Amino acid sequence: MVLQAEGLTRRFGETLALDDVALTLRTGEVHALMGQNGAGKSTLIKLLTGAERADAGSIRIDGRAIAPATPLDAQREGISTVYQEVNLCPNLSVAENLYAGRFPRNRFGLIDWPRVRRGARELMAQLHLDVDVDSLLGSHPVAVQQMVAIARALGVSARVLILDEPTSSLDEGEVRELFRVMRQLRERGMAILFVTHFLDQVYAVSDRITVLRNGRRVGEYTPSELPQSALVTAMVGREVVLAKGHARSGAMAEDAPVVAEAEGLGLRGRLQPTDLRLRAGEVLGLGGLLGSGRTELARLLFGLDRPGQGRLRVAGRDAAFRDPADAIAAGFALCPEERKTEGIVAGLSVRENIILALQARMGLRRFLPRARQEELARRFVDLLGIASASIETPVGALSGGNQQKVVLARWLATEPTLLILDEPTRGIDIAAKQEVMAEVERRADEGMAVLFISAEIEELTRLCDRIAVMRERAKAGELPGGSGAEQVLALIAGHEAEAAGAA
Amino acid sequence: MKTAVTIGFAQRMRAFALRPLFWPLLTLALLLAGNGLVNPEFLSLQWRDGHLYGSLVDIANRAAPLVLVSLGMTLVIATRGLDISVGAVAAIAATIAAWTLLRLHAGDGDAPSLQPLFAALAAALAVAAACGLWNGLLVVKAGMQPIIATLILMVAGRGIAQLIGNGQILTVYNAPYSYLGNGFLLGLPFALFVVAATFALLHVLLQRTALGLFVRAMGHNPLAAHVAGVRTKRISLALYTFCGFCAGLAGLLVSSNVSSADANSVGQLMELDAILAVCLGGTALTGGRFSLVGSLLGALIIQTLTSTIYAIGVPPQVNLVAKALLVFAVMLLQSAEFRGSVRGWMRRVVPGGAR
Amino acid sequence: SGSAPDGSASKPITVGFSQVGAESEWRSANTASVKAALAPPEFRLKFSDAQQKQENQIKALRSFIAQRVDVIAFSPVVESGWETVLREASAARIPVVLTDRAVKVSDDSLYATFIGSDFVEEGRKAGRWLVEDSKGKAGPIRIVELQGTVGSAPAIDRMKGFREIIDADKRFAVVRSQSGDFTRAKGKEVMEAFLKSQGRDIDVLFAHNDDMAIGAIQAIEEAGLKPGQDIRIVSIDGVRGAFEAMKAGKLNATIECNPLFGEQLAQLIRDVSAGRPVPKRVEVEEGVFTADQAAAELPKRKY
Amino acid sequence: MSVVHPTSAAGARDARAWRVAERLPLLVTATLFVAMSAGGGVLYDGFLSPQVFLNLLIDNAFLCIVAVGLTFVILSGGIDLSVGAVIAFTSVLSATLVQQHGWHPLAAIPLVLAFGAGFGALMGTLIRYYRLPPFVVTLAGMFLARGAATLISVDSISIEHPFYTAVAALRIPLGGGASLSFGALAALAVVAGGALLASATRFGRTVYAIGGNEQSAWLMGLPVGSTLVGVYALSGFCSALAGVTYTFYMLSGYSQHAMGLELDAIAAVVIGGTLLSGGSGHVLGSFVGVLVLGLIQTLIVFDGTLSSWWTRIAIGVLLLAFCLLQRLLVARR
């Protein structure tokens, strides 16, 4: 036993985030911490690592009681952590982020930069990540930042490694690398605590599972004694039917009106000229690897970047969006990929965050009456199951998954004609994910066009009427609804023939 | 200028929402009470020549220009901006008004007509607003950092004002003009009505339109607000323009009060005082969180401080030290962390406190 | 003044003049007078404004030295701190003429001559006027003082000179003294506070410059008192506004501090650059004006 | 708004482009400085003499030193408005100690330096541990330092100690009649030291990290508290050192010295490419920023025809032209 926590309790105002929770980590195990959004996973981790102070409870390492008051204290005790939101410094280089706080020094007492670079490259290579270690961290997409955060935690020779939703932004390849490294570390006797909302990942890598529900510990299990459905029941507290992949038909979309059409839309260095047609009532999936250009396409459609070439036609007419407000006025909505920087406004309440885009579309003068705002907010809080003390709670106080739901709610509330979702289910628990999918489908059935970007192939094949695949910043091809995951994967990997053949 | 919000985010936000103005109010009350103790006359109000007369009236009247500027500044700061040119803009507005009045020979007339006055006010305020717009353009369109963008006008503005006045103090004896800063309406200084009107205008704007929401969204996370479709650039431009307008109004009040426009002294160091007022009122310089009433209180606190120093008769060498100590005291009083540690010390010192 | 320059056909005398700033009307008048006197073709004036900062003046002087001007003239912001740069000037053999205010240096030969006024003397004059004017009045005579900007040379010296005279007479007592920053607005504000805290127990106001006096006059009127009668007022500078106030009977006296010494300065510069001996100190003509002279004097005021 | 951080400008994602972009402001600033000097050389005789440029250094030595300390504060996301006042206080304190209490300068100087650092550390403590806004704390610090200077002496105090006069008169010849002062050397040393401190020490990198995101830095286990206090202490120390240099420069202690210097220093730092929101910038940039401000002044003095108000307007216009060009070139890439 390396780490043993007992009776951990933490209250935030009226929310009892953790209530008398115990956790045991043994040497050489991967321990999954499971629970719904807002169950208290991140809070537990913060207490263990000194990022928050516990109201009650004790933590022992090797039987010795510790009381970390800052993350630095926890690091000194051999606990290395990756927090849920990427918590690195965007303005520093990748190498610096990897070594900040433990820079090797040369004989003049100055930072030994060559050694830092060398070490950084090695760490990156360990994760099979091809990144220029001198580049600024902030210039990379979240996925890469997440990998860097993981690499930083790995670089510390710690006894306990804690990973809070490390895989939320990663695609399959990266996840595989991460798991490989985690297994290696386990062999070396490290204890790893790991949070995820992907059930298959839990079963792929973990030795033991602790389940939290509403801030309380439900129990500790081994994967073999707890099949998926039982795990879900433990987390949710009631039986939930996991939807099977019922693919949408895609038939009705053929003659539906075209909501938006991109013709050779592109931007030098970011996206090759791309054609895309979005129809009312159709869910168009967009697949591809990290950095394949999906986000860039979405940004160009939404006026967040100005296209260098090509044009965009909205309802048959040429449109040139100068900023998102124009796109919103044309009935577009974009739920962005980067939740922390482009999504939530942490200081505003849940209500204000939800109505923000709608209000922006209505303009300054037509101010939504307070009653209407509250009604909207309540509706979406119920619809998406946002766990929040009240609709007046600042969004910064919500758990990560619930923040994501708020951003989603903001865009659903605008009732757009075209909804672009860039990795909308990141960090959302399985039960909520189903709700989100169902809502998107419902909207599509009512005639909304949807562009759905996701790293999860399964999600794509289940939800979409049509799937476009991006590769190396260009559109590689399109697949009709009902295509299987293998076809999508083949197209992503660049085997057009296989993809077509299978269809 | 960042605070690590790690502990009890919700708790703090709620506590703040419950009584955000408690500490500034307490500070002001303490200051006034302290003055009253030292000099009972201080709090007394008399009815003299058809208007209220007393130190409190003076403080309110003297604070008026600062309040105006602080109001404009609050919104600019709330959107992560800054305007250090307010003093210079006040000087420009003052000289333009005086210059126009002198041009229209409105100074000597026995039966002053109001036309020249309106022309002068319109010219001055238009130019002041244009100055604000200029600042806004530099920040929003040219992408310069606010402090540098407005530093340019801060440096050049006084030069422009002096150029207009040819380096002279422009003296205007125009009765309607001096009414602005000296007159009384319903027994109260007219300047207070100017402030009240501005405040009411802003209040209505913030309550009845989405401006408040947008401003806070922009302040907390400009990029997210932009993505959400808030027209951040337009709003920033408008806020800088309004800040310039407020500075202009302040300049008019100051110059009308002494019936002259001194390009050198109007609004001297006003930028620092205004930012200080905004801070004292609980508005975060990092943007997002703001309070108009807070800024109003902040400005009143600063003016009360100044008046206190004059009233208790300390030698002028001590002015700055006194001001510094009072500002420290005020800020510490408002710091929850400091109150926490004071409680800690008390417990240790007072026997039987905790144990 | 106006004597024919010798060798007027030869090339102009390049003069570097560093002015303190443009912080008051007095200063602007001074600048105008200097500029008018040091005009082409006889002179080539390099004018520099220091915006009230000594370091800017030093920079300007260094730059004049680098440009090898013929004569340097400047109005020092303060008395001390000039040693180094004046040594550099003297090493470059550029004569220096001080205007308006003197400097403290270990070696007087670092500057050629000084022309200007004596702030301490101005304070004394104000004091003497008050003593004169208070003849036969019983004590105590309560004085309030509006000082200039804290730490500025005129404020320190005028206060010093005034106190020197006043302290000799037991009837006088300075009951309040506060800085009004040399401006009308502050003068008014501080006077307001004085009136509130002293009530009517103020007999005399001494202001370090006319602007503060003008501001204070407004405050006195607003308090329902008669400036010039209920409270006697003496100030320094002698700007136009002060004469207007005296004419209206609201100000009792002003001590002139004459900024119009441009011609005198020009003559000194001619002499210095021609190597003629000059007196080490040249006083500017200044007077004391009282309310009864105001009406006659007003039309003659240039600033 | 203008200061949207690189992270958020998700459009520009090419790492290499960013690396250039990060250094570009400094390059552009330096280039514009050279261009401006060339312009001066064309317009005015004698402008391009070496001594004119050395004078930039001599006359702005104290500003350089202050700007270096301030750069760290601004990089950490804070601000220090007390720098000018600390210079004044230092000058008055050393002048009184030396002139009126007969201290030897070599005893007085370490004392005032310690004083400056302590004062900074105190402000840093208030900012960090009581969570007071840096703007207000250092503004009050400015009042306090200047007020204390005034309390010690309203009058300006000349320093006649032979040590001071000797150091003040000291000129290090560089050949061709050009020379540098002691203060200028000190400034160069501080700039070099500051650049090294910022780029190659744990302290320096922690400052950048805090400026990038204070909470992240804290979660990464960096010593945020002590570093922030250290940053303000450093700035206080630099201000005091600048005060010492200033005292050598002026040979006097005066409470009104270095009035409004804080704005010049902030302007220099920001012109040098440091983001006021923290996390990005260079010490060398601030150095160039100081030189640019000095150059603007020199240009105006060389012109010598501007009236007082036109001087102000000209400073504004030159500043505007400079900053606009800078923005234009940096934005173009």
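Letters A, B, C and D mark the chains as written, and numbering starts fresh at 1 in each.
In this text, a residue touches a chain if its C-beta (ideal position, glycine included) is under 8 Å from a C-beta of that chain, and two chains touch if they have at least 3 such contacts.
This one's a predicted model, so the numbers in the text were calculated from it and none came from an experiment.
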{"item": "Most heavily contacting chain pair (counted by C-beta pairs in contact)", "value": "B-D"}
{"item": "Chain separated most widely from chain A, comparing mean CA positions", "value": "C"}
{"item": "Centre-of-Cα separation between chain D and chain A, whole angstrom", "value": "43"}
{"item": "Mean-CA-position distance for chain D and chain C (Å)", "value": "34"}
{"item": "Inter-centroid spacing, chain C versus chain A (mean Cα positions, whole Å)", "value": "72"}
{"item": "Junction residues of chain D, two or more chains touched", "value": "8, 150, 154, 213, 215, 218, 307-309, 311-312"}
{"item": "For chain C, residues that touch 2 or more chains besides their own", "value": "22, 28, 31, 150"}
{"item": "Shared-contact residues (touching 2 or more other chains) in chain B", "value": "5-6, 162, 167, 223, 233, 317, 319-320"}
{"item": "Touch relationships between chains, expressed as pairs", "value": "A-B, A-D, B-C, B-D, C-D"}
{"item": "Interfacial residue positions of chain A with respect to chain B in the complex", "value": "12-13, 15, 51-53, 304, 323-325, 327-329, 334, 336, 341-348, 352, 355-357, 359-365, 367-368, 389, 393-394, 396-397, 410"}
{"item": "Contacting residues of chain B [partner chain A, same complex]", "value": "5-11, 13-14, 208-211, 213-214, 216-217, 219-221, 223-231, 233, 288-289"}
{"item": "Footprint of chain B on chain D - complex, ascending", "value": "1-4, 8, 77-79, 81, 126, 129-137, 139-144, 146-148, 150-151, 154, 210, 213-215, 218, 224, 263, 266-267, 270-271, 275-278, 307-317, 319-320, 323-324, 327, 331"}
{"item": "Residues of chain C defined as touching chain D within the complex", "value": "16, 19, 21-22, 28, 31, 35, 45-49, 51-56, 58-60, 62-64, 66-68, 78-81, 83-84, 87, 104, 106, 149-153, 156"}
{"item": "Footprint of chain D on chain B - complex, ascending", "value": "1-6, 79-81, 84, 138-140, 142-149, 151-163, 167, 218, 222-223, 232-233, 236, 263, 272, 275-276, 279-280, 284-285, 317-325, 327-328, 331-332, 335-338, 341"}
